[in-house]
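So, here come the structures, one by one.
Both complexes shown next keep chain A, but they swap its partner, so chain B is in the first and chain C is in the second.
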Partner chain A sequence: MELNRRNFVKMLIGGAAGLQFTPLPWKLTDDIAIWTQNWSWLPVPQAGEFTLEKSVCTLCPGGCGIEVRKVDGRAVKIEGRTDYPVNPGGICPIGMGGLQLLYNKSIRFTGPMKRVGPRGSGIFKDISWEEASRMLTARISDLRKNGKPESVAAIDGNPGRSTMAMMVERFIKAIGSPNYIRIPSIEDTYRMSNIIMQGTEGPMAYDLENSDYVLSFGCGLLEGWGAPGRVFNAWGNWHEKSQKKNIRIVQVESRASNTASKADRWVAPRPGTEAALALGLAGVIIEKRLYDDEFINYNTFGFHDWKTADGTNHTGFKTMVLKNYSPAQTAEITGITPDRIISLAMDFIKAGAPIAIYGKGKGTLNGSLYECMAVQTLNALAGNINMPGGVIIHDPLPLNPLPAIKADAVTRRGLNRPRIDQAGSKRYPFSNSLVNNLTEAILKDSESPVDTLLVFSSNPAFTLPDHGRFEKALKKVPFIVSFSPFRDETANMADLILPDHTCLEKTNDIVWPTGLQYPMYGLARPVVEPVYDTRNMGDVIIGLAKRIGETTGASFPWESFEEVVKTRVMGLYNSGGGIVDYDGSAPAWKQQKQRGIIDQGYASFNDMWKKIKSGGMWYRPVHTYKNREGLFKTPTGKFEFFSTQVETAVYEYSKQVSRNKALKAFGIKEKGDMAFMPHYNPESAGKKETAYPLLMVPYEIINLCSNWIPGPPFLNKTLFDNELRGNDSFAEINPATASEYGLKENDRVIIKSQVGEIKVRISLFDGAMPGIVYVPSGFGHTAYDEFLKGKGVNPNDIIQAGKDPLSGQPVWWNTQVQLIKV
Partner chain B sequence: MEEEHGHGNKYGMVIDLDKCTGCGTCMVACAAENNLSVRPDESDKQHSITWMSLYKISNGKKFPDTEYSYFPRPCMHCNHHTPCVSVCPATATKIDFNTGIVSQIYARCIGCRYCMAACPYHARSFNWWDGYFPKGKGLERYLSPEVSPRMRGVVEKCSFCHHRLMRAKTKAYTENRRELEENEYITACAEACPVQAITFGDLNNPEHKVSKLAKSPYAFRLLERLGTEPKVYYLSTKDWVRKFADNYLPGEFKPVTSPKG
Partner chain C sequence: MGLMHMKNPANSRKKPSKGGLFFFLAGLIPSLIIGWVIYPMVLYSKQAQPINFSHSIHMNPEIVDGIEGDTEIEKCLYCHEFREDGTFAGIPKLAKCTECHDDPDSALGESEEEKKFLSKYVANEKEIPWYSYYRQPDCVYFSHIAHVKMGEINCKTCHGDHGKTDKLPVYQANRLTGYSINIWGRNIAGYKTNTWDRMKMDDCAECHTLKEKEGNNACFVCHK
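On to the complex of A and B.
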């Protein structure tokens, strides 16, 4: 056929028509879609058998029940457990994103390592567990041989009463060092407040769910305080529209946090004046004689004025409060109008079951001791101590104590040395750890008193206020060992890494979730095989002790950490009356109030142990309310408005110096009887400095990790673009304050304190108190990977931490700053 | 094709904004459940991907009367003239009249983003890049096989956790049932919400809690007057919160007075 124009066109048309009858174009279009969408680098998740594993989240001391969905052994999703009494169904966003912490190789240590780069560079070399253990134990044995076991110190961030914390403490003591130092948390403030006012060792137990008026002083109920799953669940129930409940939540806080915004009432005193507000409310209640007469007269000490045997007149709480904290005086201090103070006090005391609770944000760091005590006086005035819906007094969980450690001469001598941080000494009689003092002690001398520092479950180089000083101290410590599973800031300073498992890989316990109103023991179990070459810190400690041998080894007769846990849990069995399962039909807080008889549901210890291991819980919702006989274990046997223990402590210390000097050493400004009662210390509201006219207050939010855990990257999706944009984080200031400084939204500023400076952007926030700069905690990591490193700034960089009176713990909630526009 | 559905299921959601605390657990649960990739910079909201988003609103008052609230926003699964479905040239997004779920079929999507322009709720996101799962980091190890990871050039959005419906149905069929119980199928966000602010169920079933809540005098939907019939309802007793649901002319907004419920 001749190829001319006509034929060519014919062929084209014929071909085009013919194509319509072949599947080729359709097949090709389909294939193109498939080819362009299936790249070898796109992951294809493998299918497999679906299984569910129940456990407990140990990312924070809340200990919520979790269920992990697995596919062919791989964990693919974490969900809340509905069959767990603490958090029926819900968990917080951090727990929800926990799998990213499990698998993300670039933020974890994949095995034991030793440092090869300069300190802080994060350059390590893989070594074997054998070599790592040998390195550490050889060093400790040498120190013991040279008679200096006390130069080993530990910094521990495991929750206070947990078995893991007990193991760390035991290990340090068995070596012969008294220097077991804990990271400060709100639990310390609760513990000291309970000891001073009530003489009780049990945890703070707030019966929120049975209360009908919750007056929260700074407690970040919706920011992640306590067991977030529990508080959130209660919040949902309080706001259930179908049930006609009249429950009111009042938040006392200077910034419109989520809790303050969502509460029924928001009261915004100047930060640091919360104690004055609490006492002002107490004053109104006392003046109007609305307090619980019976409780005050029979169960308290120091309320009325009294005369001691030697004829000295003492001022009671009543006189002190009426004299110093009238509505007008309180208004002057706090900035809340007298009318509001009176109406708030009346609402509180007239409620059926009011409760005043204390906290600072999530409770990651400590609070102010006198402030906590001032809040507790409101509960005493309302007579709601050990009452449903009030503050419940429990004994500590009946776990078996571990046998006393074996001590040879070296150990005994070491243990007799004074603690480096002076906690528990005559100067700090109520504190059990003061990490800020440790920092100062290391910095003070030319040679660090600590030779070997062991760091467990904590990241003080990031979380401590004024961590710059702490890092400086770290540089002076000759040998640092980190047990962290994560490549955090502190671990990057370490010489040796013995990485722990992450939360989903290990056995670990939660001894009484923070703030819970009934005794509760949670047991987390490994839900996945260890992903990397890490080991349970508890097992590693046992191994190290055995390797050191002598009495140190003899103090650890167990084969595994689980065996230790089992030994302790035996105490729960012996105490009787606990439950090891939860079906959701009656919440534990309801059971406790209804005082039903409980069926413990296990036959023998082995049966119970098996059930605790699989179910992860033991709890006992039975309690004797009202009974106040022998409840308070203070020297007077009563709830003490006037603390005889503080008085004695000051007296004891004044044997060395004068009384005034003793008070000054304790950080107490008041001279008279007021010093021994909860009172407001003007310094806690910040000193006036003309060069630094503004106050910086750090704040926590639920979807940002401000503790030692790295934030799961999923959380980055939840941050607003006026919280983080690119690598800039924001400071919130009131539009009025901003206009004073000529600042607009998004402007870049330097926040400068006497310690240092940080660069942020400005977010205009109506919920910010004028004159205050609010900076979120949790940004500004210098460690980890692209999801966290270099994002935003850490307010801890520039916090000038003062000392809280009496407790000696850091005051981190106010720093005088100035703003410089960039 | 059936134009409207009367029978069958009509899955929907009611979100109680008085309960919602803005914690973001729904967003994280959604991202974890649906294999959302997290990029190093998630603060670039024009390029980041979320199926469930959170909006923060303020009553606009000055300190100390300021109050904040939040709007969690999944796909509304519009029931009427579904804007994205009506514009998609590739039939990559469809509404299933048996479930009411608006689907997104990645393999069909040609990436024209017409649906994104059409969606009044900004519920859709475009994959400017392939999912971020760098080699050797281990991030791909937690991916769920129930949802396929997306590739660059396609649009994605909330599916009401459609795979959970499949899972629940499969289970029901093996037990010889044809109907699902009320809470057998719920979305990951509804399950995760720690304050139980999100209720999920069948709006066609008068027994389901959602259909009761949706009739509350406090119930409303976003941009209701567009007539797209979203299947996500919100509840709030606060007028200032409800006012955010639409663009009202002065005097146009009707506060809820003496509600019966």
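On to the complex of A and C.
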């Protein structure tokens, strides 16, 4: 009976045999199989009640209608709304992926914080809202007490017309600082172009859906320009077989983007020469006398040569174009053959309802002002201004203005100080913000003129061309406050974080989606309870102002941001006639063309407000076409080919310096009358630099966030292997250029400009123009998590930003570079 | 020498055979105990429900008259309701409780459980984190409305006489799979005597077959 080896084995056999007569092995096998299905990292759908919430996407100024699917209160999917007039059903991939921006803690801030690590490290400590507000208001109050309220500055990326932007501007002004600085966007270019040529304040309204010939100068129609859902829908309509009309889309762009590849015709001028092409087309139309005589003769100024009262002869647009932009001359500049220029011009002008539209990719950044104006002259020649299918001139949306701010002596004194960025000054009379000038002003003096910088809904340390200089400027600013909901590059430089809600958590409005042809107001409402300890920026501003007190507080008599929105929306009600629902049966663009009568969908203001809050929309698809009486509000009352306002501005500035110096200060190379007309500036195509023989052109794609919003990690999966591989992003070059440099597909290269260098891999692309290096925008974050940080490179790192003539905004599309094989 | 040789092996064969059975049993019996008794004890965790809800009180019209319904099933559905879209709500949300118990300060009763319900959940508008006894894996699609309304199956058939209990049973979760013990069944060997004793795939199929709905045993009916 001793436990020897043999008996031990027997015991084991007994044990093993015994186990077979228990459920253990069988149940264990079953359980292990199930266990493998339940690992903690496997995504499991939420169980619970399904609900759908309707709202509006505010991730870009397009404002598409969205429907959020929720399970047990948790948002699980974002889809396009079919009952929204802007985008009947479709949205862009960023809008769909936006869900990840809501929950992802590594992308967003979960509560107010103060910096404890060095600037840029992203090391923060949680603090309370009370402490955060106290820190900021104490600082602002001190500056006001010391009579330096103007050293508070704000950088704001909220869409220009939005109530949120208005709140930020009001806050800064109520503190007593004129330094409210906006992030540049294509809307600036539209605004200035409309003011200069038409004298109108309303937004650019392109009646794309009713047009039968869309000549797009650089608009990324399929890359997310305007309201992406709207453009996709229009694109679908254009290509419907049932359409009787033969609708043609022409894309003018040096690279074969998605839009260019899918367009009926692709015209690829050298980047930066688009203005010359537009004027070349104008030249053909003028030479063949195919322009709209009636419009030109009765509604325009500066087309023909004229003599002023004092006997001075002036060159008109017609003479200027014929002299400088003949097909041969244009071909020389743009690289498009004279034949193609002529045929394009003829196709355009002979179409029933042609429209020439202007943009640069998505329109995240500004365009070139003269270029935009040159494109607009084509619409004038076609006589399609304020015509169906053309460029429609509307008044701005009739929202109530907010009452004037209350100002004490400190505020008044501060507001009388010149703006740091000089926007709106005699030198930059048409711009309302110049963030590039702000950067230079901060860098110039030993002490930063900005003491406290507030950053709202923007990430300039990532999105600005040559953001390196901006970051350098940030380092000099003593105190930076970020209101960003995201842990972005700029927020990482901040000393204090007062995080805003993200898109799905807050009330926010979209005042006229970019490029839309009818008046439209979209209201986004919270579709989920705030996930973290964040607050609506509008409410925070009201709270801060009240805490600062004095006239600053008195300028914000409202209890909540929603109250402000409601106050403004009252203006829509008072203006009469509007629709607050959409069932898809009558597209708004069709309704507007047919000049239908509005069947107002509300009985009282409260009824309307209730409906706007739940439906998220107010729009008015009626318009008086053709009527051009009093339409143009330029000094001449006409559409100005020759801008009297620019002439006056140069004259005003030349009181301080000579006329030539004034022109030079404006960045205008031309000396004569041409300076006041849309013209091509050879510098916009880049300077000839032998050491940097190539041109780098950034480009945008639909599934990459190039604006201040972090890209939802979902979208990484949608990128092709020649867009992002591991941590490498790609630059597209033409095979001919590649062979010149001995480069093959996937080779690693350094793209070097005078500002810096970036490392990419090469993707050979026949659709790339020889001599140009195309680098996608939206990669190369240095903030966020493993899905964004260090993924690819950001072309903004090495952009050598020049200044756009007249507007003074950054020129970001023509950096001279060289390629070095690694 | 030869004999010795002959005997010795026989001796050595006999000796260990007696002790051999002992050791065999010494292995066998503990392993049976492990398999039948200890293993189930170790495999399942035990959690008490956050509140001890009494179904029997709520189903008794003499005590509670707010629960409407002519039949037993209608009474069940009063709280365990179908949503407008036909999906089954399962365990009611707090909002359902507060349809009747809306006042956190009301003197609902004296029991500790009721006090806890009012002070911890109703007063704070916090959902009660109930444990669900019958949650199926995510890979299983199950429609209550198809079974209850179309199939006219009583709640009891699958869930037992839960509605008559005075105390909620202790929730037991399989430590490996995370699923409730009610899915595999309380009997570790998987024996069942009642229809509600177990809720595995075979049980679904058994009932489908019994009701001549073999077509519903196709994989994709539940594993979509």
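Here, the second predicted complex is superposed on the first by the 779 of 822 C-alpha atoms of A that agree within 3 Å, B and C clash if a C-alpha of one lies under 4 Å from a C-alpha of the other, contacts with A are read in each partner's own complex, and residues count from 1 in each chain.
The rule is simple: a contact is a pair of C-beta atoms (placed from the backbone, for glycine too) under 8 Å apart; a residue touches a chain by one contact, two chains touch by 3 or more.
If you're wondering where the values come from, they're calculated on a predicted model, not measured in any experiment.
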Which of chain B and chain C A:134 touches, first, second, both or neither: neither
Partner chain in contact with A:35 - chain B first, chain C second, else both or neither: second
Which of chain B and chain C A:100 touches, first, second, both or neither: first
More chain A residues in contact - chain B or chain C: B
Contacts of A:610 with chain B and chain C, given as first, second, both or neither: neither
Which of chain B and chain C A:45 touches, first, second, both or neither: both
Partner chain in contact with A:262 - chain B first, chain C second, else both or neither: first
Touching partner for A:24 - first (chain B), second (chain C), both, neither: second
Residues on chain A lying within both footprints (that of chain B and that of chain C): 34, 37-38, 44-45, 47
Interfacial residue positions of chain C with respect to chain A in the complex: 16, 18-20, 22-32, 34-36, 39, 43, 83, 85, 87, 89-90, 135, 137-139, 174, 176-179, 184, 188-190
In the complex, chain B residues that touch chain A: 16, 18-19, 21-25, 27-29, 31-33, 35-36, 38, 40-45, 48, 50, 54, 56, 58, 60-64, 66-69, 106-108, 130-131, 133, 135-145, 148-149, 151, 153-154, 188, 191-197, 216, 218, 235, 237, 261
Interface residues, chain A side, partner chain B - complex: 33-34, 36-39, 41-48, 69, 71, 74-80, 87, 89-93, 96-97, 99-100, 102-106, 222, 228-229, 232-233, 235-236, 239-241, 256, 258, 261-262, 266, 268, 531, 702-703, 712-721, 724-726, 734, 736, 766-770, 785-787
Chain A - residues contacting chain C, complex: 1-3, 6-8, 10-19, 21-24, 27, 30-32, 34-35, 37-38, 44-45, 47, 49-50
